[in-house]
Structures are given as structure tokens and as C-alpha cells.
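One structure is given here, and the rest of the page talks about it.
In order of appearance the chains are A, B, C, D and E, and numbering begins at 1 in each one.
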Amino acid sequence: MSSVGEIALRYQLQRGDFSLQVALQLPLSGITGIFGASGAGKTTLLRCIAGLEEAPGSELLVAGERWQDAISSRPAHAREIGYVFQEPRLFSHLDVRANIEYGMRRSPRREAAEFAAVIALLGIDKLLDRKPAELSGGEAQRVAIARALMRAPRFVLMDEPLASLDAARKSEILPYLERLHAESSIPIFYVSHNIDEICCLCDHLVVLDNGHVAASGELQSVLVRMDLPQVMGDAAGSILDGRIANFDANYSLSLLTFAGGELWLPGQLGNIGDRYRLRIRANDVSLSRKRPRDTTVLNLLDVVIEAVQDAPPATQLVRLLAGQQRLVARITRRSREELNLQPGDRVVAQVKAVAVRRPELGE
Amino acid sequence: MSSVGEIALRYQLQRGDFSLQVALQLPLSGITGIFGASGAGKTTLLRCIAGLEEAPGSELLVAGERWQDAISSRPAHAREIGYVFQEPRLFSHLDVRANIEYGMRRSPRREAAEFAAVIALLGIDKLLDRKPAELSGGEAQRVAIARALMRAPRFVLMDEPLASLDAARKSEILPYLERLHAESSIPIFYVSHNIDEICCLCDHLVVLDNGHVAASGELQSVLVRMDLPQVMGDAAGSILDGRIANFDANYSLSLLTFAGGELWLPGQLGNIGDRYRLRIRANDVSLSRKRPRDTTVLNLLDVVIEAVQDAPPATQLVRLLAGQQRLVARITRRSREELNLQPGDRVVAQVKAVAVRRPELGE
Amino acid sequence: ASNFRSTAELIAAEFTTQTGHAVRLSTASTGKLHAQILHGAPFDVLLAADADSPRLLDESGAGVAGTRFTYAIGILVLWSAAADAANCRSDLDKSGQFRVAIANPLTAPYGRAAETFLRSAGLWESLTPQLVYGENVAQALHFAVSGNARYALVAKSQTLDATLPSATCAWQVPADAHAPLLQQAILLQHAAGNTAAKDFLSFLQGEIARDTIRRSGYGVP
Amino acid sequence: MDLGPLWLSVQLASITMLLLLLIGTPLGWWLARTRSRLRPVLQAIVALPIVLPPTVLGFYLLILLGPAGSLGEWWFRLSGESLTFSFAGLVIASCIYSLPFAVQPIMSAFEAVRQSDLEAAWTLGADRRDAFFSIALPQSLRGYLNAAILSFAHTLGEFGVVLMVGGNIPGETRVISIAIYDQVESLQYAAAHQLSAILLVFAFAVLLAMFALNRQWRQQ
Amino acid sequence: MDLGPLWLSVQLASITMLLLLLIGTPLGWWLARTRSRLRPVLQAIVALPIVLPPTVLGFYLLILLGPAGSLGEWWFRLSGESLTFSFAGLVIASCIYSLPFAVQPIMSAFEAVRQSDLEAAWTLGADRRDAFFSIALPQSLRGYLNAAILSFAHTLGEFGVVLMVGGNIPGETRVISIAIYDQVESLQYAAAHQLSAILLVFAFAVLLAMFALNRQWRQQ
């Protein structure tokens, strides 16, 4: 059922009225987002994978190893996962340091330097001697993240780990998670109801709806699916893969080229030649028939309209092809009719450079 | 110190290394956002107002009533507030219904119809007979919100109430909070690290930084302050106040007019003549010298550049005057130099209609 | 038995000075000691507060046949720290609502004796509502000493203790008003071959011990 | 077979249990919540009665409750009756003797009540008293159950104190523990076995019912 | 003043306490965590010893532990010594008699350990045993303290069982509670007062120390 480097699972369980019925095959690499409304079953799915739910008759194969089948189930402690719970769950009788060391002690692979790096990154160096009761909500969650990471897991399950963090802290931790994943290639399963976070982080996306899998697949392909407006809400968008081609030190702008065009992005995003990936929200793309002039919109792409889909009541989603790259634009129905946009038309897409999302680092 | 309709407070307390030192005068009306990084002291401030922290030598005046001074402190239960804590804090021995009724029983003013309305809005009608342990994270938080609201408070303290909710649920609850506030004019103090939420909801904004007040005032005036880029991050933006002048049923677009121009917004936003307020993120505004043509950007405003402020490394914030309304645009430094934008220049601001924020209802 | 404890200590001390044999005393109520002996207690000699227990041990073989003898005869007294000294006995007739403490007739020989005496005096019926029962004579005396009962029918040996509050009344009940309070001793199977234990029993029957016993408020056979 | 002593014991144990739950409530709450430095001292004092052998404790209670004792004298002047050798006296003595077995579980349960729940109750308009009855108490039901079981069972089995203070008066203070004791002492082993068996079966039934109740609460 | 009995009592109470904490740990854990239907039954059985009057319980233990009893016979064949009238027998009897006072607080403490904490420990690589020792046990220290205090004090004060099973043998089974009892019985009130006072002061000191420790844990 599952090949090496994959995780294959089939779970069915009932909790009151709610029933989880999922069968998934996910790559054991990269970051897999799990997205869905409150009560969709995201937490339950993670708990199943961690071995915390009894679900007889279910199956879980991880990289060819049978973790659960009809007969037996590997106990939670032997699954070598890191789990960041939805609430911090710090051990109240231990201070912050002992909490973090709890997992380290039980898995011999972590080094002191790594400890220092994680602590510093999460901004909890000054909290090490505190008891959990003396932490703010966000601080406790950061400690919980450090604790799970320092346990040297084979993969990490994260249940809305950043929900209680402010934007600044989030934008510090997100790239760390990316780097962690890039450097150690630890796969991460990342539950979030925040599509920005997911798009920023994930390679794969699973969309859960009321205990069922509404969509699952490579991030880009799920994102540009336009049949999920209810589930996806404002989240529609697309991913561009390119390379950093230039850096304008004067204005601090990086030039990203990809098969189909180029974009100027603020800031120094990497070295020239680095691969780079970015998300463009459908909301941040507008279309014109002609190239506008004298505008602060830096980035204009020549695109072909591939498809148009209604997103009631007032807007429509337009799928665009820029070279081999797909883009999605959200425009009002009126604009579309005024410009009489049709599949096959060549138009100019304006992408607000400052609106692009944080990219994924590394190869 | 405080007039009727105001809340005046002066708190100083020490918890370990952290010290809270705030003196604030806030209107006892509308929604006041409290914004700040993790560990800035947001929760501590709410706890002080609720009477849950011992802070001798502090003062709190609410609408002329002395709730706390050097000598005495009104106990928490007598303060008639609703408090939504950062974690749900449901009573584990009571089911959902009894949890919600707990506050109702102790304050005689709530009606059954209201109960049904709140329950339906928060989507917890099916959960009423469950125990808290059988709820998902988001469900528990919604029950906690219902519980605080049904207690018929004089004002409500909310500590990141929506952090654990998905976007769809959020965008359902936010307008309800607005409506609640509009209809019952219950003042709300709303802690969040999500500036979108705050801008969407609040009239007033307090920015906390490491236990101190970094800024406090009317939302618009704090938002257009350009000296807080570190604290505000991506949050810069502005507020427009206008009236709904027209509704295009065909395209489902509403026309908003305000002193300085007009904007088309998707959806039916209210009745013609209604007042309407919306937030425009600096990131969603671009500038051109001439009116662009054949573009899907619906909304073009004639504006005058008032001031320009560097937002390192690559962008700049531009404050604009559209009639009497202020707008902020974030543009790249390069664009600004290419277009040679200077204070006093007349330019055209393009506002992506789909990017506007949910408005506040009512007068 | 526990009521004989202090007397036994005196005798044991005398025995030790004479023979050099150390004596270890284990005190408990006769009922407890009886149960313990039946279940393997490492006791050599039983000094019971009654004659029943040694007889039963004798018959069951737990005691060494032929070693049973009466070492002391208890004397019942009416004791009070509050009653009129002159009319001690007759006061009891009109004791009214005052409590009268006796040892439990079920478990204690002195209790049985007290009951017989009260019956023979025709007081039993009228006094029944006033009676309180001690686990043994010691407890009956506690009731009176602490002022909770006006009278106690107890062993004379107890009332001689110098530390007691002085009695206003200590009337010796005539010996013929109840069955004799025979306290018997017996050599136990555990010590069947123990000469020191046999010596102790002989010593107990000797004049020195008898003298001590008499001075402690008992009769001797 | 005279079951009067069993009935008396059940009355005594039930009343003692109820009184101890009442007394244990404010005491346990205070002990669980106070930050006073006196806390360990008071806790030690509460635990002290069980350190003395029951008969000896009974002896001191006899003096305290007797007509010459301060408490006994006061009671006598109030009610015209003696505390010793009466059922009321037994209740007082049993309460003192079993106090720690009621207070400890209640205190532990109260300690487990989360401050955050109380805070939530306050902000919902419950004053301290109200929050105690609506939050702390229902969340501590199992502590109360443990307290009830321990104090009930302990009083049922107690006899040293009861014998001393009560005077073994049939129908008034001769409880079942004393009755069995008397039979063992008077070598009536068969009767003792029988009465013990009855007591054990009865106690087992009561305890089982209570623990089953506990199980139900737990499953809720 | 002969303090030998006090010393013996302290030994007995300490050993009993330690043994009971050891026994109470698996038993309390099982009772706290199991979903078995047998749970209430086992709980009732554990609580049953205290229902019998101590002397009567002692009487049955005497039969059980005596050379004719099953346990006593087995022990005798094993060690060549008798269980009754020996210190070892006292320890066994005290353990049985004080068992519920140790098991209840430990069980309550274990019940308060949050499942969510255990789950977190498992996902951090701790197996059930490890999670028990690193999470459940340290979070239940105060339950252990209560168990220790109750079982220690209860054993210190016990004398009915001890007198019956031990036989009041000086230096071996005459513990302080029996010594005081003897003095009260033989009307040596002054000596009894003195010995009681010593016992109380000693017990108070021990209890105070333990509760103060408890306070420290709490403040951490």
C-alpha cells in the first residue's frame, strides 16, 4: 500500500455524532498542511497518527513500517514523532528547561548547540528557569514547540502551533520551520486554519471537511482548484517557483525570474541563483488589457486566461497561465464583463510586489 | 480623572522580570483593540481591569465609579464584565448549556431569544449537551464566547477570542461582535495580535510594548502614525468613513461615497444611505500619475500626497489625502523614485476593491 | 490479667532478685491472652483474672495438666469520690440519677461479681438505667475517678493506688454476696519443660508472694 | 441475633460522617486555599487525634466531656444532660477521632480545583461563596465521597474511644464494634464470627454502593 | 522514663508507612486508571479492614498469621519463625489495617494527573512506565505526603490490632500506644500523661515537618 518515503493511512472512528473517515497517502517529506474548519477533524487525525486515539480496524504505514493494522498498534512513545498540541500541555511540575529537556533525554541525538539555537530562535532564553504558570499564552506555546523539536523526531505533528503568536513572532518562526525542514528534512504535518501560514510553509495540502478529505495533493494543484470556494474562502491563490536573478542594492529589491516572466520583490531574498518560491494571493492580482504606465505596481506579467469560475456573490476567480506557471486572480464580476475577459485572451496581470508571501528557503 | 463614559486606569505591577506600567484613558464605548507582541502584557492588563490581579496602589475608574483605588478594590464578581479568556476555561463538570447558563443565571437581563441567537450564530446549537472534554479547540472557544456574552455585562474583555478559529468562522463572528456592540452598545476591549481583526473591529487602539503603552488613541490616528513600523509591522493602513450610495444588483456591487471620492465594493453591504466604514491596508493601495485604463482595478481615487516615510529596507509608506479622508499606501522605494512622488503631488490611488476589509455596521 | 499487672511486677522483681531469672510480663485482658495462647503465643505462664480461662486451657491441653491453682482471690469494693462516706452502702440504694460503673459482666469476672451483688441486694432492676460498663475494672474506675460516674464497683487492689484521688467511700462488698473471684494461674504447654517457669509458679505460691498479693488488696487461698 | 448494636453503629457512623463532611468543608477549604503560615500547624493539629491510642484518647475525652471537664460542664448547664455515656457524646468523640480522615480527602479535592475556573466563575458574577458552591464543591464530589467512606468505615470500626466515652450501655452506646469485641473477650468465638460476618457484608455493600456511585460520576 | 516503646513505635510506623507507600503505588495507580468493572469491588475490599474493630481484626489476623493459619504456616516453613508475637507480624497487621489510609490519597492524586500530560509524555518518547515515574509520580507528591502522614499517624496510634497480634512483649512488640494503654489501665495516670505528652509532641513535630514540606512543594 505504501512505498518508502510515504505515509499511508486509513482511519475510521466515531466520536459522538462526529465520524472521521479518511484514507490518505502523503509524502514523508516536506511540509504537509492540514486545513479545515473548526470541528473538521484536524486534531483527531493528528492524534490518530500519533497513536493517541483508539481506532480499531485502521491502518497506518510509515515509510514501509507498519505502525498500525487490524491486529496491532505501535504505542505512542515508540512512534518517534514530535507533537505540538493545540494547547501547550507543559508539565506543570517542571520548569521550562526541564520541559524541553524531557524529550531530549529520551532521544540521544540532540546537541547542545542545537538546543541553544532553538531556544534563541523561539525567544525563550530568558524563560528557562520559569514554571509554566508564569508564562504568557504565546510564551507557553513557544516552549511547547521547542520541546517537540528537541525530541529529534522522525516527523513532526503541529496542531495550530502559531495561532497564539503575534505576526512578528510568527514571521520569525515560520522561516525557522522551513529551515528546519530544509536542513534536517524532517517532514512536518501542519494543522492550521490560516491559509497564509499553510501556503507559506507547505508543499502538500490536505483539506478536511466534516471528517472527510475534501482535497489532497501538491499545494499548487489544490490551491488552483476552483471547486472548493466554500472550503477555501479567501485562501485562493497560487505558487510561483523561480530563481533569484538579480539584486538591486540601491532600492533593496530582488528580481525573481521564472518560466513566464519576472517579478521584483522587496528585500534581499537570497543569493543570486538561489531557487525561490512565493505565493501570490488571488486577491493581490488584477488584470488589464494593456500595460498600465506610471503606476507604482512594479510587476506586470503577460498571461493567458485559462478558465473563469464564479465565486458568488460578487467576484470571480480567473486562472491564468504565465509561461508554465499558473496564477489565480480574483476580480469583480463587473470588471470581468467590462473588460469582456474570456478564456484564451492575452492580458496583463499586475502583481503588487509588496503583497507577495514569504518564500521557502533552500532547495 | 475620568468622566462618565470613560474608563481611566493607572496600573503598575511587577511579575518576575516583567513590569506593567500603564496609564490609560479609554472611551467606554465602541471597541478598543489592545495590540502587542507575545509577552507584551495584554493579558495582564485585562486581568487588572477584571479585578483578577492584585495591584496595590493602582487606580481604575469606570464611568465615574471608583472600581479600584489606593484603599479598596471592587471584587471581580461585582464588576459586571464579560471575560473571554485566552484559553476556554469551561467548567468541566457542567455541559455546554450549563456553562452558558452559568452567567445568565447570575444576571437577570438575558432573554431566551437572545440565547438562541447567540447559540446559532456561534454554531454551537448541536453541542449544547456535550461535556467540554468532547469539544474541539475551536468549539470550546466559541462556547466560552457565548458564555461571556450571555452574562449581560457592562463591557466585555476578550483575550484573543478568535485565535483558534478558522477564517470562515471568524468572518461570521466578527460582524456579530460588531452588531452586538452596535445594538447593545456594549463596549468591548479586544486583545489580538492580528491587526486585521483589530482594524476590522475597533474604534480605538492601544498598542502595548513590553508592559508600556506605545500608542493609544482613535484607531485611524494610531494606524496612520508612521513612527511605529516595528510594532505595527504589516499592519499599516487606514480607515474610510462613508455612506452606501448605490447597489448594483446585477454585479452585486455596492457603491460607497465619502468626502473625497467613491469606491465600488463587492456584495450588498447594507441599505442605501447607511453609514459604512472600511479599512484599506497600505499594501492594497498603489499609486499612478495618470488614470490607468482597461484594468480590473475598479476603484481609482484622486489624492494628494501628504507625507512620505521610509519603511526599511525596500518600501516606503505614503500618507494620502482624499478629500478629508486619509489613506496610507505602501510602495517600493524604487517605484517612488521612478515616479518621483513628492509631498503635494496630485496622483491617482488604485484600491483593489476585493481587498477591502469588512466594515463596521450601524451608526 | 491487666488488673494484676502492678502486683505481678512486684512479685516478678522479687523473683528475679532471688533466682536471677528475668521475667517478662505481657499484659492484656484475659480474653485476649486466651485467644493468643490458643494461637501460638510464646507465653510460659498465664496469670488469669478468672478461673474459666485456665480451666479451658487445662481441658484443651494448651495448659500443662495439674499445674492450675488459685493465686489470688479478688475483693470487690464500692468506690466513690463523691458519696457520703458514712452511708456509703445505703447511699447506693437512693443513688437517683447518678451513674454507677461496673466492669462488663460479659467479659470481666469483677463485672459478673458486681452483677451478682447488685442482684442479691435487690438493686439490679432499679439501677440498670444508671449502669455504665467498663471494658474491665480499670475502665470502670476511670468512669468514677473522672467524675462521670458517682460509684464504681471495682477491685480492691486498684483502690489502694496512692495516686488516686482520695475516696470518700470505699465499702468492701461482703464476699458471700457474689461467687468467689478466683484468679488462677497455669503453666502453659510452651513452657512444659521450662524449670524457671515452674519455679516462678512455686514462687507465686510461696509466702513472700502471698504476702505481696495480700498487701496489694487480694485475698489468698 | 441482636442487631440493635448494628443499627446503633450505622446511626453513629452516618451522623458522624455527615457532621464531619460539614466540618470538613470550611476547614478543608481554608486549609487548601490559605497562604497563611499557620497552615501546616493546623494541619498537624487536625491529624493529631489519631496518634493517640483510641482508649487513651477516649480517656482524655472522658475527662474533657465529663461533668468536671470544661466542655462537659458547659453542655450540662445548657442541656441538663451529661455528654459522657450518651449518644451525643459518642458523636462528638467519633468526630474528633475521625476528623483527619474526612478533612484530608476534602482538602486534597479542594486543592485540585483550578484557580482559573474560580476566576472564570467570578467574572461571570459569582461571588466567592457562590463560586464555592457552584464550582469548587461539585468538582470535589469525589473527594467528598472518599471522605464519607473513610469516616464512615472508621467510625463503624472504632471501639476504643466509643467504649471509653460511651460506657457500653445497651441500646444507647453499645455499638456493634463493642458487641463483637465483648464476644471475643468472653471467648464466644462463634457468635463473634457471625456478628463480624454480618458487619462485613453490610459494610461491603455500603462501600460498594458508594464506590459504584463514584464510578458513575467519573464516567460522566 | 522508658522510651523503648516510642522507638519501637517509630520503627513500626515508619516501616509500615514505607511498605504502604510501595503497595499503594501500583494499587492506587491501577484503581485510578482502570476502567474495569471490578474497580468498585476492589476499592471496597481495600477499605474493609477498617470496618472491623481493631481487636477483632487482630483476632482474625491472629488466626491467619498464627502457626495454624495459612499465611503463618507458610511463613513458618519458610523462615522457621512465627509471624505472630513478632515484629514482622506487627508490620503485616499494621499494613493491612492502615492500607486504606495510604491507598485513598495516592489514588486521588493519581486521578488528578491529567491524561493530556501523559499523552504529551508519550509523544516525547516516554513509555508508560517512564511517564509514570517522570510525570504521574512527581505530580502526585502531595498525595504521597498525605498517605504517609495518615498511615504513619494511624500506625502510631493503633493498639488494638497490635496488642492482639503482637502480644505486648517488651522490647519486641510493646509499642508506645500499648505502653500508654497499660499505664492508663493500671491507673498510673501521671505516667500515662507524661508518655502521652511525649508521643504527642513527637508526632506533632513529625507532622509539622511533613506539612511544612508540603507547603514548600506547593509554593514551587
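Convention: a contact is a pair of C-beta atoms (placed from the backbone, for glycine too) under 8 Å apart; a residue touches a chain by one contact, two chains touch by 3 or more.
Predicted model only: the values in this text are computed from it and were never measured.
> Quick check on the contact network: minimum steps from chain B to chain E?
The fewest touching-chain steps linking chain B to chain E number 2.
> If each step moves to a chain the current one touches, what is the fewest number of steps from chain A to chain E?
Each step joins two touching chains, and the minimum needed here is 1.
> Specify the chain most distant from chain A by Cα centroid.
Using the mean of the C-alpha atoms as each chain's centre, the farthest one from chain A is C.
> Hey, how far is the Cα centre of chain A from the one of chain B, in Å?
26
> If you average the CA atoms of chain B and of chain D, how many Å lie between those two points?
Distance between chain centres, rounded to whole Å: 57 Å.
> Roughly how many whole angstrom separate the Cα centroids of chain C and chain D?
35
> Could you please state the distance in Å, as a whole number, between where the Cα atoms of chain A are centred and where those of chain D are centred?
The mean C-alpha positions of chain A and chain D differ by 60 Å.
> Where in chain A do residues touch at least two different other chains?
Residues 87 of chain A each touch two or more of the other chains.
> I need the residues of chain D touching at least two other chains; which ones are they?
55, 59, 181, 184
> Show the residues in chain C shared as contacts by 2 or more other chains, in ascending order.
Only 32, 35, 139, 142 qualify.
> Throw together a list of every chain pair that touches.
Final set of chain pairs in contact is A-B, A-E, B-D, C-D, C-E, D-E.
> For the complex, give me every residue of chain B touching chain D.
50-52, 75-83, 85, 87, 89, 91-93, 102-103, 106-107, 131, 147-148, 151
> In their shared complex, at which residues does chain B touch chain A?
Against chain A, the touching part of chain B is residues 15-17, 36-39, 43, 86-87, 126, 130, 134, 136-139, 142, 159-160, 163-169, 171, 193-195, 233-235, 248, 250-253, 264, 266-268, 283-284, 286-290, 292-298, 312-315, 329-337, 339, 350, 352-355.
> Okay, in this complex, where on chain C does chain D touch?
29, 31-32, 34-35, 52-53, 56, 99, 101, 104, 106-107, 131-135, 139, 142-143, 146-149
> Which part of chain D faces chain C closely enough to touch in the complex?
Residues 55, 59, 62-63, 66-68, 82, 84-85, 163-164, 167-169, 181-187.
> Show me the residue ranges of chain C that touch chain E in the complex, using the header's touch definition.
So the residues of chain C in touch with chain E come to 2-3, 5-6, 24-28, 32, 35-36, 39-43, 136, 138-139, 141-142, 145, 158, 161, 163-164.
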